[in-house]
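Down below are the structures I want you to see.
Look at the two complexes coming up: subunit A is in both, with subunit B in one and subunit C in the other.
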Partner chain A sequence: MTNTWQDIKNADVVVVMGGNAAEAHPCGFKWVIEAKIENGAKLVVIDPRFTRTASVADYYAPIRPGTDIAFLLGVIRYLLEKDKIQHDYVRAYTNASLIVKDGFGFEDGLFSGYSEETHSYDKSSWDYELDDQAFAKIDDTWQHPRCVMNLLRQHVARYTPEMVSRICGTPQDKYLHICEMFASTSAPDKAMTSLFALGWTQHSIGSQNIRTMAMVQLLLGNIGVAGGGMNALRGHSNIQGLTDIGLLSNLMPGYLTLPSDKETNFEDYMTTRLFKPVRPNQMSYWQNYKKFFVSFQKSIYGDAATPENNWAYDWLPKLDIPLYDVIKAFEMMNKGEMNGYICQGFNPVQAFPDRGKIRRGLSKLKFLVTMDPLDTETSRFWEDFGPQNPADSANIQTEVFQLPTTCFAEENGSLVNSTRWLQWHWKAAEPPGEAKSDIWIMASIYHRMREMYRKEGGAFPDPILNLTWNYTDPTDPDPEELAKDMNGRARTEIKDASGAVTLKAGQLLDGFAQLRDDGTTESGCWIFSGCYTEKGNQMARRDTSDPREQGIAPNWAWAWPANRRILYNRASADVEGKPWNPKKPLIEWNGNKWVGIDVPDYGPTIKPSDGVGPFIMNAEGLGRLFARDQMVEGPFPEHYEPFESPVPNVLHPKVRSNPAARVFPDDLAAFGLAPEFPYVATTYRLTEHFHFWTKHALINAILQPEEFIEIGEVLAQQKGITQGSWVRVASKRGHVVCKAYVTKRIKPLTVDGKPTHVIGVPIHWGFTGQARKGYGANTLTPSVGDANTQTPEFKAFLVNIESTSAPVA
Partner chain B sequence: MNLSRRGFVKLTGATLAASSLEALGFGFAGEALAASVRPFKLTRATETRNTCTYCSVACGILIYSMGDRAKNARSNIIHIEGDPDHPVNRGTLCPKGSALLDVVHAPTRLTAPKYRAPGSSEFKQVSWEFALDRIAKLMKEDRDKNFVAKNAAGTTVNRWLTTGMLAASASSSETAYLTWKVVRSFGMLVFDNQARV
Partner chain C sequence: MADLQSQDYIRRSATTLTPPSVRNHEAEVAKLIDVTRCIGCKACQAACMEWNDLRTEMQSFEGSYDNPKDLDPSTWTLMRFTEHETADGNLEWLIRKDGCMHCEDPGCLKACPAPGAIVQYANGIVDFISENCIGCGYCVKGCPFNIPRISKVDHKSYKCTLCSDRVGVGLEPACVKACPTGAIMFGSKADMADWAGERIVDLKSRGYENAGLYDPPGVSGTHVMYVLHHADKPSLYAGLPDDPKISAAVEFWKGLIKPVALAGVALAAVSGFLHWVVAGPNEVQPEDEVEAQHLLAAERSKRDTENRYIADEPA
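So, the complex of A and B:
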């Protein structure tokens, strides 16, 4: 989230599209109600289902799953045509005026540079035209035919209201009404907030769904302001933290990235990451990459990381492909390319697409280790549970270790919430039986490995033997010590230019501005620097005061980066530094410095006249309507159909789905076609359950005890399915047998002139826990991911449904 | 009057019991009844501040446990509720958060390491020593056999692709950081978390 949960109350319009906050994030959704009651905000919900969020909306419109980009590019067309954009903001804070290279183009669904063979783009034409100082050329009169604004206008011209309705199935009048509501926030003192979740990410074009709304928000001047922003409502309690600390295939802590095979030495690695500004005077904050990188290497390798060994650069594993994500991992397992797998608090048998493939993959492993407080399906994939998990145990050679762990109530530590707050929590009791913390388990595995490498040697032991481990109890490091590691400290005495000591050796840092690239500082996660300082554990702060009650609460816990609560807040003020909305200012220029209720996302003394853009992480200092080479499938979003779709792509039939998506041949063969699987299915959560955990909790198992699907009345009648009767729902990959809930909440949509039915598949049931046994929604879902992030396409796929008799008990 | 929350609960618990009975017209009998009312159980519980383990709203919660954290007393969690001081949830919890106690004490909480041998149709309880020794041995064997120090072009790549890990997105950041250190020191690249689902 760019903004805070409480800040939602400052919105004039709240749009929930790609999520269902009332049911999935109920206590955060309260702030939407607060906005409605206290601020007169209008809530707009766009969703295939009439959800509980929709039930309290001021305006609801249905949409076919997987067509959000068409809808939103239509919105952009409307805003440009009706001139409902915040002109001063767009001109000064976005790249609308920058000129794109001659040679960039878009034709028949493909951008320039596409290779049919590799399903990828040569992105060299997706960039600015540069002047002789290597700065992007600019035309802020927007006359140049290749300025971003004109290219965007041209790109969205095809998304007429007729076309939007034809693709999305949203009635034109409803769509246009929503365009008008969005447009009302182009006034400088009005704001719209976008709340979204997996309804946008779980698509083969997921990242571009979000990007399209971000563009809408930039055009309306709604980024960086109170009541605005792009607010990803994240799903797990520390999913933000795990992303921040880089527990993803290609990441290092603080969004540093692992090297690739192409970066054969440290210098090459650095050149591609020290982003040089592409407009004059810009901060381009990633220019500091080396400080963050060296300080990180010093944190984990200490004295063993030296200038001579390039700060142990070679000890980092290098990637030969962009990602070894989970879909790739299970593809490798199925091909016999993996031997071991460790699942720490993660249950892929329930969570990842094409369950049959997941089970087959695990069956080919030599060993599987699960670490979990609960008895997960993954740890028992080899055991026969009947039709919900048929297994021939004798033929599965995988050794399985089920390790019991502590849960949240049995440990100290911090979690990063959706709005980037690091909140400390305390242990309330000992874990049951012999359960142990994940920290103890990871330390135990590490120590055994290190001992064996010490004694016996083996493959490249250097990083294992030199890993810093200066913990008071090496077998069970204290979370506070680990938090201090991430915050960082001075390794030697540090002096300023005048010779005065600024940091004593060993002193905890106040923030990342103190990091250096010469090995004199260390920090395990630069964006967390400031969370545990000499003043103590900032994450444990509990001051509820909130200036002007504007929803900042600056001294409650601690937010990354630098305790900043609203990202890009420089954009809340105009070019001169005066707030666009004088009633709800975040920061403003007082003649000498930036002041206000939030920490400036900007140099605190940079004068407005210096022309430094508010988007300081970008090399141009501007918000990007044109993404340059940052996205794999194009610098502008484009509507591509889901990989399983009931209709052709009416814009460009030859390029139906995301042309840059990675699809493995066996997964391609397992995609179904509309004649056999005519109905669109989408998966979701119920408010009574959290993924596959709460079926272990008695009360939740009672509230929603058994697997079901939701089906609209029209289709139910056609198929002879009655309320509560048994159905068999099948995709090309498998089937589930469960009860049908016939609902008024899902209505047929008219897509390209034909009726289209949507079937809803809640995800919560498996074969362990206290609820009744279920097959799991992922029995049906296709194994294909978003082309940028490889988030699986759970939100739009094809199934068939038929009435069936009750299973024999 | 400067009252801690627990003091406030104690005070209101006692006076409420007495005054509401009088209001109902029990008169003197009320006093006797009030004296026999069981004291509010949370008044003698230990309160611990924590965060809900489910979604990323990160509601503040108060965990109440019996036992005073003395060395010889084992704490038992008896109640969990929303933290009224928390600026986001302000004391409220959703249908999942309200039932946290049931997941802490779920009958399917694991209590001992278990091992399933190749081809077996059941788990066997084992010691931590056995499980960890065997895991480390399997990992080292696999790493030594399949570690890639250099690629075909002769570039140092130092990666290990045949063993992978999925990390927990409800674990603390401190756990995550330690996990990162350990996993990457081995050279592991098949490494991911729930951010994608």
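So, the complex of A and C:
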């Protein structure tokens, strides 16, 4: 989230699209209700189904799964055509005025630079035209034909209301009504907040879904302001922490990126990370990358990381492909290229697409280690559970080690919530049986591995043998010790220019501004620096006081970065530093410095007249309507159909789906076609359950006991399916047999003149736990991910459905 | 929940004794359920199960989100979901938390023939005192909202207590505490009516012309009230009675027939005494015990066979 949960109450319009906040985030949703009651906000819901969120909405419109970009590019067209953008904001704070290179173009669904062979782009033309000082050229009159604003106008011209309705199936009147509601927040003192979740990420164009709304929000002047922002509601209590700490295969902590195998030396690696400003006077904060990187290396390798060995750069793994994501891992298992798998707090038999492929992959392993508080399906994949998991145990040679772990309530630690707060929690109960903490298990594995490397050598022992490990109990590091590692400390006495000591050796840092690139500081995760200082554990703070009652509460827990609650908050004030909305100011310029209720996302004493842009992480200091080379499938979003879709891409039939997506040949062969699988399916969660966990708890099982799908009345009638009866839903990859909920909440959509039916598939049931056994929605879903992140396309695929009888156990 | 003294009673079933009502100075309480801000998450249901330590039988999916399917002796509150199409073709998903309404003039209490099995406290809560309940089912007939349920195991009647044990020590009911959107509020009835008024103004400004408070006069008002978008048609909300009244039969019994019937009861008592003198007392026979055990065992084994595989529940 750019903003906080509490800040939602400041919104004038709340749009829930690409998510189902009431259903999946019921506790946080209280702030939407608060916005409605206390701020007179209007709630807009755009969703294929009439959801629990829609049940309390002021306005609802349906949309075909996987067509959000068409809808939102249509919104942009509307805003530009009706001149409903916040002009001063767009001109000063976005890259609308910058001029793009001559070679950039878009034709028949492809941007310039596409290679048919590699399914990827040469992005060199996706950039600004530079002047002789290497700064981007600018035309703030927006006359130049290649300024971003004019290229954007040209790009969205195709997305007329007729076209939007033809692609999305949203009735034109409803679509236009929503455009009007969005447009009302282009006034400088009005704000709209966008709440989204997996409904946008789980698409082969997921990242671009989110980007398109971010562009809408920039045009409306809704980024950086109270009640605005792009707010990703994370799906798990610590999934934000997972990304922050770099648990993706191409990341290191704090969004530092792993080197590729082409970056064989440290200098090459650094030159591509230290983004130089492309406009004069910009902060371009990633210029500090080396300070963060060196401090990270010192944190894990201590004295062994030296200037001479380039801070142990050679000990880092180098990627030969962009990402070793989960889809790739299971592809490798199936090919026999991955023989062991450690599943820590992860249940891929339920959670990853094409369950048949997941089970085949696990069956080919030599060993599988599961670490989980629950008896997961993954740890039991080899056992025959009847039709829901028909395993031939005798022919599965995988050795499974099932390690029971503590759950969050049985240990101290911190969780990072959606709004970037690190909140400390305290152990409330003893773990049952033999359960051990993840820290204990990982430390124990590390010690044994290190011993083996010590005794037996090995291909490359250095990265393991040189790890620092300074904990009171080396077999069970204390969460507070680990938190201090993340925060960082001075390794030696540090003096300022006058010679005065600013940091004593070993002193915990106050924040990342103190990090240095000379090896004198260390920090395990630079964005967390400030969470555990000499003043104590900032994450454990529980002060609810909230100046101006705007949902900032600066002394409750601690937020990264730098305890800043609203990102880009410099943009809440105009060019002179006066708040756009005087009733809800965040920070303002008082003549000497920036003051207000939040920590400025800006240099605290940078004068407004210096012309430093509010988006300090970007090299141009501006919000990007044109993404340069940051996205794999284009600097502007474009509507591409899901990989399984019932209709052609009416905009460019030859380029139907994301041209830059990675698709493995066996997965491609497992995509279904509309003649055989004519209905659009989408998966989702229900309030009664949390993923695949709460089916292990009796109360939740009582509240939603059994697997079902949702089908509209019209299709049910056509297929002879009655309320609560058994149905068989099949995709090219597998089938589920479960009950049908015949509902008015899903209506056929008219797409390109033809009726399109949507079938809803909730995900929660499996074959372990207390609820009734289910087949699992991922039995049906295709194995293809977002082209940037490889998040699987769970939200739009093709199925067929027929009436059947109960499965025979 | 018989955790309050009888001095707290203002009404007591099947008795002519006037309770001392020493706490009449207390404000009447009310739970206000704002249907228009309810998201149907069932946190109230879960909280009710947790606080009262109830786990009804796990059922199956039968074509709606209502689960369990109905109120039962171990399900004292239940979300009921209604898909409603408006005249202009738009959809509304009306979600109502069902449970005891705690009527000011409780039909169950009036109908109850067992002395002290149903009581009403000074704060308005209507409570069932299980040890006095004879399981006759008259409360079910007397209730205009179809709430009480008789246990097949002990033949006693059960329903929501409005967490009288919590309210008695100054806490809000468990469902109120758990509600994430503030759709369930609790306080004095006067404050709740005031707050409802504010909500109704907001709803009218959003186009719900018939928004209003459900506090039905047919039972002299209730201590559980609803804010409805369509207060003109309560029955849209899974059959909430439009104009609930205590059934005419109950009123007839209480008014005219009772004295006559009491004579009949006296006659029955005399006959019973004679039977005792002549034939000896009626006792719980071994076969009755066997029948009760059988019922319990059947429920247990049903649960087991439906869950061939039961994992260890995390502690």
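Following the convention adopted for this analysis, the second predicted complex is superposed on the first by the 807 of 809 C-alpha atoms of A that agree within 3 Å, B and C clash if a C-alpha of one lies under 4 Å from a C-alpha of the other, contacts with A are read in each partner's own complex, and residues count from 1 in each chain.
Keep in mind that, in the parts below, a residue touches a chain if its C-beta (ideal position, glycine included) is under 8 Å from a C-beta of that chain, and two chains touch if they have at least 3 such contacts.
What you are looking at is a predicted structure, and each value in this text was computed from that prediction instead of being measured.
Once chain A of one complex is fitted onto chain A of the other, the partner contacts of A:26 extend to both subunit B and subunit C. When both complexes are overlaid on chain A, the residue A:434 reaches subunit B alone and has no touch with subunit C. In the overlay built on the shared chain, the residue A:398 is in contact with subunit B alone; subunit C does not reach it.
Of the two partner chains, subunit C is the only one touched by A:37; subunit B is not. Of the two partner chains, neither subunit B nor subunit C is touched by A:629. After overlaying the two complexes on the shared chain, residue contacts for A:772 are found with subunit C alone; subunit B is out of touch. Contacts of A:375 after superposition: both subunit B and subunit C are touched.
Within the superposed three-chain model, A:245 lies in touch with subunit B and out of touch with subunit C [touch as defined at top].
Of the two partner chains placed by superposition, only subunit B is touched by A:425; subunit C is not.
The partner that reaches more residues of subunit A, of the two candidates subunit B and subunit C, is B. Common to the subunit B-facing and subunit C-facing surfaces of subunit A are residues 26-27, 30, 373-375, 407, 429, 432, 687-688, 696-700, 703, 768-770.
Those residues of subunit C that touch subunit A in the complex are listed here as 36-43, 45-46, 49-50, 55-65, 67-68, 83, 85, 90-95, 180-183, 199, 202, 205-206, 306-315. Per the touch definition, subunit B reaches subunit A in the complex via residues 46, 48-60, 63, 65, 67, 74-77, 80, 82, 85, 87-90, 92-100, 102-104, 106-123, 128, 131-140, 142-144, 146-147, 149, 151, 153, 155-182, 184-197. Across the complex, subunit C is touched by residues 22-23, 26-27, 29-30, 33, 36-37, 40, 50, 52-56, 58, 60, 373-375, 385, 407, 410, 429, 431-432, 687-688, 696-708, 723-724, 738-745, 767-773, 809 of subunit A.
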